[in-house]
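I've put the structures underneath this note.
Two complexes follow with subunit A in common, the first pairing it with subunit B and the second with subunit C.
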Partner chain A sequence: MLETINLSKSFKGKKVVQDINLYLDNGESVGLLGPNGAGKSTTISMISTLIKPTSGRITMNGVNAIAKPGEIRSVSGVVPQELALYQELSAYENLKFFGSIYKLRGKELDKAIQQALEFVGLENRKKDLVKTYSGGMKRRLNIAAALLHRPKILILDEPTVGIDPQSRNHILEAVRALNQQDGTTILYTSHYMEEVEQLCDRLYIMDHGKIIAAGTKDELLSILSTEDKIKVEVNKLDEAFVEQVKTMEGVRKLEVSELQLKIIAAKGSSLISKLVHLTEQHQIQLLNFHTETPSLEDVFLHLTGRTLRD
Partner chain B sequence: MRSFIKKDLLIFLRDWKELLTVLLLPIVLVIVLNFAFAGLFDSDDEVSMDLQLAVVNQDDETDAMEQLKERLVSDAAFEEQEANAIVEAAEEIQPVNLLSDYLESDDVKEWVTIHHLEEKEAAEKVKAGDLDGMLIIPQGYAADSLYASFADEPPTTSLIYKMEEETTDSSALQQFIQGFIEELNYQFALQEITGGAEIAAALPEGGLEDMGTAHEFTMTQYFTIALGALFALFVVATVAMKTGVEIRDQVFNRILLANIHPMRFLIGKMVSTIYLVVLQIVFVLLVSHFLLGVFPDRTIAFWGGIFALIVLLALVLSGLAAIYTAILLRMNNVDAANGVFMLATLLFGTLGGGFVPIYMLPKWLQQIGEWTPNGLFLAILTEWVQFEKLSSIVQPSLYMVGFFFLFTIIGVALFPKRGKAQ
Partner chain C sequence: MKNVLWAQFSKDKRNPLFVLLLIAGSIVATIVFGGGIQSATTVGIFSEEDNAAAIEKKWGMLLNTDDSFTFEIVDPEEARKDIKKGNIDVAVKVTEDDYRLLVSKKMPTISSIEQHVDKVFKQEAQIRAVEAQVGRDVRDEMENYLADAPLQMESQGVDSEQIPTYNIRTQLLFAFTFLISMFILGFKVNNVTQDKVSGIWDRMIFSPMKKTSMYSGYLLYSFLITMLQIIVVLIVFKYVLHYDVGDNLWLIILIAACFVFGMISIAMLITGFVRTPEQFYAIYPSVIPLIPLISGAYMMPGTITNPVLLFIADLFPLAHAMDAIMSVVFYGAALQDVTMSLLYMLLIGIVAMGVGINLVERRSR
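So, the complex of A and B:
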């Protein structure tokens, strides 16, 4: 349905997005995951035809969408990261304006507004000015404005940034319903791992302007199938102990925070008995000790050497 | 298009701070300045003058008729009988007395105080600045002017007006005297056409009418129009600033993604500017009128003309809004763009007489001022308020239309083609 081929963007000679290859099939829900500054929003802006790529191609059903942006614009709805709303207008007036620029008129427009308001749970506050809304309500209205013309593809750029858990859940449920009940194709960017895990069939992981991994959740987790993740809590820590853990055979990555060690080690490296032995040597008491199933967060850590929120 | 206009109007009208600024502030300023300047000129409305004129009469009219008869017979070869008839008619005229009566008339006395002095004393007082000017009636003036008139020859003697330096007051005096001379010539001309004797010489009328003013143009009218136009410029700057908010909040991007022609956005801005400017100036003029009686006893046609000129200004300013909008879309820094618009507004406002009465500015600045939309609007309305003649405002109104097209073309040319991806 939608595909990008070697999509790149430079600003003032600096490449911010480099050789992005991704595709969206009809009815899919695809996540674009990455930390702040990874290039997700630039990628989204190119896909939604707001900015032109420096190089590369975007096709929509085989048609060059860079030359014919209308191919994507006519079937997509974009929920930008910023609240693209008129604060001095009511929710109803905002939706009426945005609906009318999508050439909706009369009863059709009224019906679309009513449905969008119900969908995001704002029908009771439709006459209130947007500037009186909470952050979560504004985010919901931001989504409603992109749904009026019933787009086939919904592109959401970090739609849950800075809102309360209740509104966040509401948005996630709404997006899931759009995908599963209405068959809307979703492209969802976030730096919240759990949102993407919850919503998306497939994932692209971005960092420093590049896609560093892609696949289904299971496919991505299999990257870590040769590793164990061990979490250790101790009563005290000293540098010599940490240094020795780091150089132990089989340890691939070590993260230290206060009195906790997170270790990623090669499967079957018999690390547990070695760790017990080492703590005794340093007269450190082992308070807690468990192995964890790797998560996408761990995949990201494995691929980039840092966490998503860094 | 209607949805764009409605959206812009709603956003503007809900900004109560902006509304207070463009609707109430000019009215408050009109009231304050009206009283302030009324005090300055010691009058409620009009700018009053107290001109001091010395009259030096060196002519002796007792011999004038004899001299006239002699010259008619000897120089112009009139028959004795004809010459007697002319002298008889001329006795009714007596130019020096006419001038004296003219200067002493009630209308002129409101403006001019006459001092009958000898030439030397008058010259000293004019030089010292005690008097605004001196008028010398030279010896033989009456006989010569009558002879010139009846013999249809150019006069050899004329009134001499002297002033130390040209000021508004001394120039006004000169115009008074010129007005008299023209009226006198007119009377002579009439006398010739009708054969002479039946015509009684009438005194020329004094006052502002002789200077060509059909209606008074008061300070209150000046400030109402000037401030109305000045705050219309603020309306334009505000419309542009709202565009800045649309860009910053990415609403503009959302509009672009709706796959509509971006020019609709620009045209929407222009049309909403027209509505807002018309509403704003009509409000300021009407409220000022009802509070201060700015335009008393004027006809429906006069008000129609005022409305048409306001619409014309609104058109010009819609072009300016197009330029501002296009610049905003091109500049990355919205705040810097807003600063530029505010500077432009202040510049237009100053040059166009929005902050200080334009006639207080040097002549060259006044001329530049008429090349600003608000300055030209003020000049046209000044003309309309005084003369209410369509012919006198046609040409400057065409300049306004020219401004509209020029601004619109520049705005459209600058408008980035953001419908396509950048």
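So, the complex of A and C:
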């Protein structure tokens, strides 16, 4: 359906996005994951034809969408990261304006506004001015404004930034319903791993303007299939103990925080018995330990050497 | 385009205070700086010579010959104190055959007061010179002679018997109305940058709406709201405060429309150089007050003679608008007489609009 081939963008000679290859199939929910500054928003802006790429191609059903931006624009809705709303107008007035620019008129427009407001749960506050809304309500209205013309593809650029958990859940549920019930294709960018894990069938992980990994959740997790993640809690820590853990056979990565050790080790390296032995030697009491299945956060850490929120 | 117009209007309808305050501001500014509701400006005169009373009486009589000014004898100490405190703008210290203006601040009316005082003193000096030569009082003789002089000049309007009379207050009315209108239209044009930053502009680009409709919506709204301000102010002054704004109100509105178009284009040009609405708010209000000064809008025609300033003034629509309006109001000029001024304003508008929109589009890429 939608495909980008070697998509790149430079600003003042500096490459901010390099050789992005991604595709979206009809009805899919695809996540674009990366830390702040990874190039997600620039990629989204190019895909939504708002800025022109420096090089590369975007095709929509095989048609060059850079030369014919209408191919993407006519079937897509974009939820920008900014709150693109008139704060001085009510929710209804905002939606009336955004609906009218899509040439919706009369009863058709009223119906579209009503449906969009119900979808984001704001029908009871439709006459209130947007400036009186909470951050979460504004974010929901920001999504509603992109749904009025019933787009086949919905592109969301970090739609849950800076809102309360209740509004976040509402937004995630709404996006899921759009994808699963209405068959809307979703391209969702975020730096919250759990959101993308929850919503998306496939993921692209971006860092420093490049896609560093792509695939389904299971495919990405298989990157760490040769590793175990062990969490250990102790009553005290000393430097010699930490040093010895670090040099133990099979330990690939060690993170220490207060009285907790997070160890990523090669699978089958029998680390637990060695750890028990070592704590006894150092007269350290082992309070708790458990082995965890690696998460996408661990995959990101493995690929980039840092966490998503670094 | 209608959608953008509606959205902009709805915003102002919710918060009309800004536009109403500016309309009121242009009325108040004209009344305050123009010296009241067509009443004569009172100017204090005093003397500190030995025979102060006689000197004050003599010059008081001679100076009180113009309906625009009333010269009143005041106490020298009081006058100095009032000037220092800024309670009065000007006072005239007179001697036997000379004068000095004491000015607290450079107000637009001061140059016309100075012109009148200077004229009276020069005339008096000429009479004295003649009397010194002939050795007798010639004042009555001269006045009788001039009343029936062999060579007489009759002033007449171009199209009427009426003699055109220049009035600084009428000029100031238009100067202040246009000054305030430049602020209104600028702040409305800045909505383009505001909506770009907020992402609303991108939403519109993503829709089937054409860019020409988007720009037209913003610019037309700016034009209409500014014309509303100008027309309201003109109606208030003409029909409520009874200012002389000429008989051809439609032609004045046409000139104002060309001026507003030209200035909207200048505002668009400035928009092309800024990235955020805040930058516009910093630059635009700093530049705008200079335009009437350079264009001589607060001064009597012909006060600015510097060719560089005149050239700069010609680059802005205000100088052409003031020229055209003064011609219509004071000399009864018709449409064909002000066509050149209208064309200059339209030309400035087209060039500035073209460059401005081009710059705005380049920034978006």
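The working rule: the second predicted complex is superposed on the first by the 310 of 310 C-alpha atoms of A that agree within 3 Å, B and C clash if a C-alpha of one lies under 4 Å from a C-alpha of the other, contacts with A are read in each partner's own complex, and residues count from 1 in each chain.
In this text, a residue touches a chain if its C-beta (ideal position, glycine included) is under 8 Å from a C-beta of that chain, and two chains touch if they have at least 3 such contacts.
Fair warning: this is a prediction, and the values are worked out from it, not measured in the lab.
Under the clash rule set out above, the superposition-derived model of subunit A with subunit B and subunit C contains a clash between the two partners. Of the two partner chains placed by the overlay, neither subunit B nor subunit C lies in contact with A:Ser134. When the two complexes are overlaid on their common chain A, residue A:Asn169 makes contact with neither subunit B nor subunit C.
In the superposition on chain A, A:Ala145 makes contact with both subunit B and subunit C. By the touch criterion stated above, A:Lys52 is placed in contact with subunit B and with subunit C alike. When the two complexes are overlaid on their common chain A, residue A:Ile66 makes contact with subunit B while staying clear of subunit C. Of 62-70, 80-88, 116-124 or 188-196, the subunit B stretch that intrudes into subunit C once chain A is superposed is 116-124 (criterion: clashing C-alpha atoms). Under the contact criterion defined above, the residues of subunit A that touch both subunit B in one complex and subunit C in the other are 48-52, 70, 73-74, 76, 78, 80, 82-86, 88-89, 93, 97-98, 100-102, 129, 145-146.
Residues 3, 6-7, 10-11, 14-15, 246, 249-251, 253-260, 420-422 of subunit B touch subunit A in their complex. Subunit A meets subunit B in the complex at residues 46, 48-52, 66, 69-70, 73-74, 76, 78, 80, 82-89, 93, 96-98, 100-102, 129, 145-146. Against subunit C, in their complex, subunit A makes its touches with residues 48-52, 70, 73-74, 76, 78, 80-86, 88-89, 93, 97-98, 100-103, 129, 145-146.
By the touch rule above, subunit C contacts subunit A in their complex via residues 3, 6-7, 10-11, 14-15, 197-200, 202-209, 364-365.
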